[in-house]
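Multiple structures follow.
You will see chain A twice below: alongside chain B first, and alongside chain C after that.
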Partner chain A sequence: MKKKKWSNLYLFLVFIFLYVPIFYLIFYSFNAGGTMNDFTGFTLSNYQTVFDDARLIGIVLNTFMLAFLSSLIATTIGTFGAMGIYFTKRRRTRNALLSLNNILMVSPDVIIGASFLIFFTFLGISLNFFSVLLSHIAFSIPIVVLMVLPKLNEMNASLLDAARDLGASTFGVIWKVILPFITPGVIAGYFMAFTYSLDDFAVTFFVTGNGFSTLSVEIYSRARQGISLEINALSALIFLFSICLVIGYYFISKDNLTKKQKRRLRQQSEAREIL
Partner chain B sequence: MANQTIIAFENVSKQYDEDLVLKDINFEIEQGKFYTLLGPSGCGKTTILRLIAGFTEATQGNIYFEKKRINDIPANKRKVNTVFQDYALFPHLNVFENVAFGLRIKKMSKQAIAIKVKEVLRLVQLDCFEDREISEMSGGQRQRVAIARALANEPDVLLLDEPLSALDLKLRTNMQYELRELQQRLGITFIFVTHDQEEALAMSDEIFVMNAGQVIQSGTPVDIYDEPINRFVADFIGESNIVEGNMLADNQVEFVGQSFECVDGGMRRNEPVEVVLRPEDLTITSPERGKLVVEVDTQLFRGVHYEIICYDQAGNEWMVHSTKKAKVGSKVGLFFEPEDIHVMRFNETEEEFDARLESYEEE
Partner chain C sequence: MKKSKWFYSTPYYLWLLFFVITPVVMIFYQSFFNIEGNFTFENYQIYFTSGTYLKMTLNSVWYAFLITLITLIISYPTAYLLSKTKHKQLWLMLIVLPTWVNLLLKAYAFIGIFSTHGGVNHFLEFIGIGSRQILFTDFSFIFVAAYIEIPFMIMPIFNSLEELDPSLISASRDLGANSFETFRRVIFPLSLNGVKSGVQSVFIPALSLFMLTRLIGGNRVITLGTAIEEHFLVTQNWGMGSTIGVVLIVAMFIIMRLTNEKKRKGGPLSK
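Moving on to the complex of A and B:
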């Protein structure tokens, strides 16, 4: 009994620690005073400023566009990459490929960002939306591979034999057996890549040029110019958006469950009717 | 037409890295028969099926299908379907879609598919299960889905890899009858893998007994049971008493220090041999009337019969299957007919065995 109390207290403290700064930030987004020092009165004007700031809204849209595109492309490439690793027959080669993938995962963003910058300048590629997109795709691919590969390994290899046995071509095997089986991994990989892309500051910071900026880079540069509660308001909105995403995800997965349960219930009642 | 060869192996070997798992396999499979590959675990049964289905390539040798060499034809182009050892049903598809998988690839019309799927599901007695998920099926039902899925493609040859091993005894016996009946009704060639000798004897037209990557003996169940070529086959198929002996002359064999009349021949004079006597061929009588005198050591009730273990003076063990009880510790006689004795030579290959059989049966 006592133990449980302690563990609850611990959890409570951890969550307080994690969430208090965010709530502090959100709290001051409603401050009329213009600083984070004292709360002088409630206002929504900071939010008004955000929605009036066309440049900021543009950057938000850019950021989402970038995340959407880069994760889509990275998921496609990463899924086939994972299959490539899975189907590599020689163990040594397979392990080497996997290690190369993992090194990209663990190496610091700063180094990746810097190397992309050097790479792009060397090739004479101008820094704009596409340079950012390319680098986001590049650092997302290893994430997708890492999410998809366990699913592939989980798959019973005789399923592939069975599909070929029943006449499926290589394309058919991939399309009708492998992809349906690894779909959860692919979706998870897509979402991971999406959030990584939304999040990313270090790599983006290196490869953005004049014309293009993402939210994290923009917030950083604005925060450096001095505190503006507009940033607080924006952060609050993004936080709200993340909560919506999580709740949405919860309902999607719950919905899947109930659909299956519903079908089972229906079958049971049908079976009863037959009897 | 019935005896047309459909599959032939010619000097087929298979090597994994350093491991030679199939050694120079030769056989022919005739259209419309039920074949069984029988052998201990790891002897290469699955490997043979995989070669026929096209999932692996032979290291050496030729595989023929209807007289055409098929070594280089991919699995999806072969008119063979497999029921896998682990069923390999697609978990994301329901029963109907699993069975329809091959038909959809063939681009059959929706109606034709529905009719065909219903038909094969009825064949394996799974009508009304179409909408079930695979995870909602029992082991025996899954296995029948696997059979239905393979049958739906109307293969010329159906390969079954230990499909019954996961089932309990009763269901297994039922499925044995059903499979055999199905095979006879459809007239498809079945190649069935098992390591259960009773299953093999009960179901097959022809059995290939394998060991360590080789086919040791092939023949009808009766041939293999009555005339095993060597100790391995005799031991593997059914219970047997095997003792060392000497071939005195044709139709005359000596073992346990006595000479007996038998029906084997074609061997050298005084050639050392092994003698097989099946437990059910031995009958217990009084010591005076028996051909051998033994002492009863232990006795087990097996339901259908008593399994009685006896020892002769030389210390050889004799297992007897008898419906009558014996008295433990008593001396009894064992009686058997000359035809019950089967003599095996050491290191005789199947060809030599067959040749010898023909030579002295002609006389």
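Moving on to the complex of A and C:
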């Protein structure tokens, strides 16, 4: 019993450690004093400043627009890419494709950013919204593939044969059989791509020009100038939004889980019947 | 099905060609050009002969090692204890949640906490040690980097502990091993794969976190990432920047070689 107490204390301390900086930030967003040191009085004026700052609001909208578009395109390309890998019958080719797919997952951000910068400059693509969008699509595709592929592997292959025997076209098989089955994986992939895009700083920092800025880049340049409680207020809003996203994601993955559990239960009962 | 497969996954293969293979090739290619745009081996020569670059690389590797070690020491017990709690999924979600807060915002929070009149110095004054310079030191860089990477270390270790078959632990106990022996001979070896992938996902970013060295390290700490950013965006010496990039890619492959599971049973797809 005593052991349990110590382990709970340890976990508690780790959680405190993980959350203190975030709550520190949010706490001072209500500070009237203008610094992150002395709490002189409660105010909402920092939030007022955020909503009055047209440039900042514009950047927030840009960031979400970018995340929305890039993850949508990345999900489409990635889902069909995962099907391509799934239907690749030779194991060696399939493993080679998977290794290539994972290169961008493990590469440090600076390498991705620098190499994309060289690539865009070589092609003569000017550095603006378009170059950032292309990069975000590019680094989001592999995570979509990794989310969709396990779902495809779970699928019973005889379903596809049955559909084709019953006369379904390729399009029909994809639309009516494969897609409905892998939908949870596709949605999870979309969520992951969305957060990758929202979170990214380093790649955007390399490939963006003067005309276009995202939230991370803006926070970086403001943080280099020192503290402004406007950022604190903004981070509190972002934190709230993240919580909503996490809850949404949690329900989707829970849905996945229960289906898995249901299947396991069914398999168990079938096994029992055989016995 | 076969022909149409090529049709609908064409965009994906184009992506592999243009955004995975081409950029890597181009960074290699660029590393053979000097600042005037002439083909040369100069960059590699400078990198390996002038002591500054080698020293910087060693420094960066050392910092990454320290960051990885500290995160591992904090994360392993956390993951282990988490796997024994009742509402695992809820706790795990609470661990993951901070990773959804933008990295820049977390760094920004530490600028406030570590500043001369910030929270930590208030506390140090209160307990009588007195305030001191914390921001813009090596310590603050390692601390913040470890803070950011901890969830990425906890998750893979937790997953490997979850996959562990509980009957193995019972067997070990039945055969007379005490809980420490069980941990040392059964649990730890079986969770080693999680530790390896955790190390992989912490060490590689730790080599390249240039925004932290700028915001928290105050340009005192220079990592490989900082050097690349400096060469590309400040001094515009892309050739040298690419050379350091190639070094970073090589370092990445070495780490992946060291941390990949040795016994590959036919790749990740086989079941």
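In this section, the second predicted complex is superposed on the first by the 245 of 275 C-alpha atoms of A that agree within 3 Å, B and C clash if a C-alpha of one lies under 4 Å from a C-alpha of the other, contacts with A are read in each partner's own complex, and residues count from 1 in each chain.
The rule is short, and it goes like this: a contact is a pair of C-beta atoms (placed from the backbone, for glycine too) under 8 Å apart; a residue touches a chain by one contact, two chains touch by 3 or more.
If you're wondering where the values come from, they're calculated on a predicted model, not measured in any experiment.
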*Touching A:Asn156 in the superposition: chain B (first), chain C (second), both, neither?*
first
*asked:* With both complexes overlaid on chain A, does A:Lys176 touch chain B (first), chain C (second), both or neither?
replied: first
*Is A:Pro108 contacted by the first partner chain B, the second partner chain C, both or neither?*
second
*With the two complexes superposed on chain A, say which partner A:Leu166 touches: chain B (first), chain C (second), both, or neither.*
first
*Have a look at where A:Gly185 lands relative to chain B and chain C in the superposition and call it first, second, both or neither.*
neither
_Looking only at contacts as defined up top, I'd like to know whether chain B or chain C touches more of chain A._
C
*May I ask you to decide whether A:Phe122 touches chain B, chain C, both, or neither, giving the answer as first, second, both or neither?*
second
*For A:Ile227, select first, second, both or neither according to whether it touches chain B, chain C, the two together, or no partner.*
second
*Would you mind listing the overlap between the chain B footprint and the chain C footprint on chain A?*
164
*asked:* Taking the touch rule as given, give the residues of chain C at its contact with chain A in the complex, in rising order.
replied: 1-2, 4-6, 8-9, 11-13, 15-16, 18-24, 26-27, 30, 74, 77-78, 81-82, 84-85, 89, 91, 93-98, 100-113, 115, 117-119, 122, 147, 150-151, 200, 204-205, 207-208, 210-211, 214-215, 224-225, 228-229, 232-233, 238, 241-242, 245, 248-249, 252, 256, 266-271
*Flag every residue of chain A that touches chain C in the complex, lowest number first.*
7, 10-11, 14-15, 17-19, 21-22, 24-25, 28, 35-38, 76-78, 80-81, 83-85, 87, 91, 94-95, 97-98, 100-101, 103-104, 106-112, 114-119, 122, 134, 137-138, 141, 145, 149, 153, 164, 170, 173-174, 195, 198-199, 201-202, 205-206, 215-216, 219-220, 223-224, 227, 231, 235, 238-239, 242-243, 245-246, 250, 254
_Parts of chain B lying in touch with chain A, wherever the complex brings them together_ = 50, 53-55, 74-77, 80-82, 84-86, 88-93, 101-102, 105-106, 128, 131-132, 136, 149-150, 153
*Would you pull the chain A residues touching chain B in the complex into a rising list?*
156, 158-159, 161-169, 172, 176-177, 180-181, 263-264, 267, 274
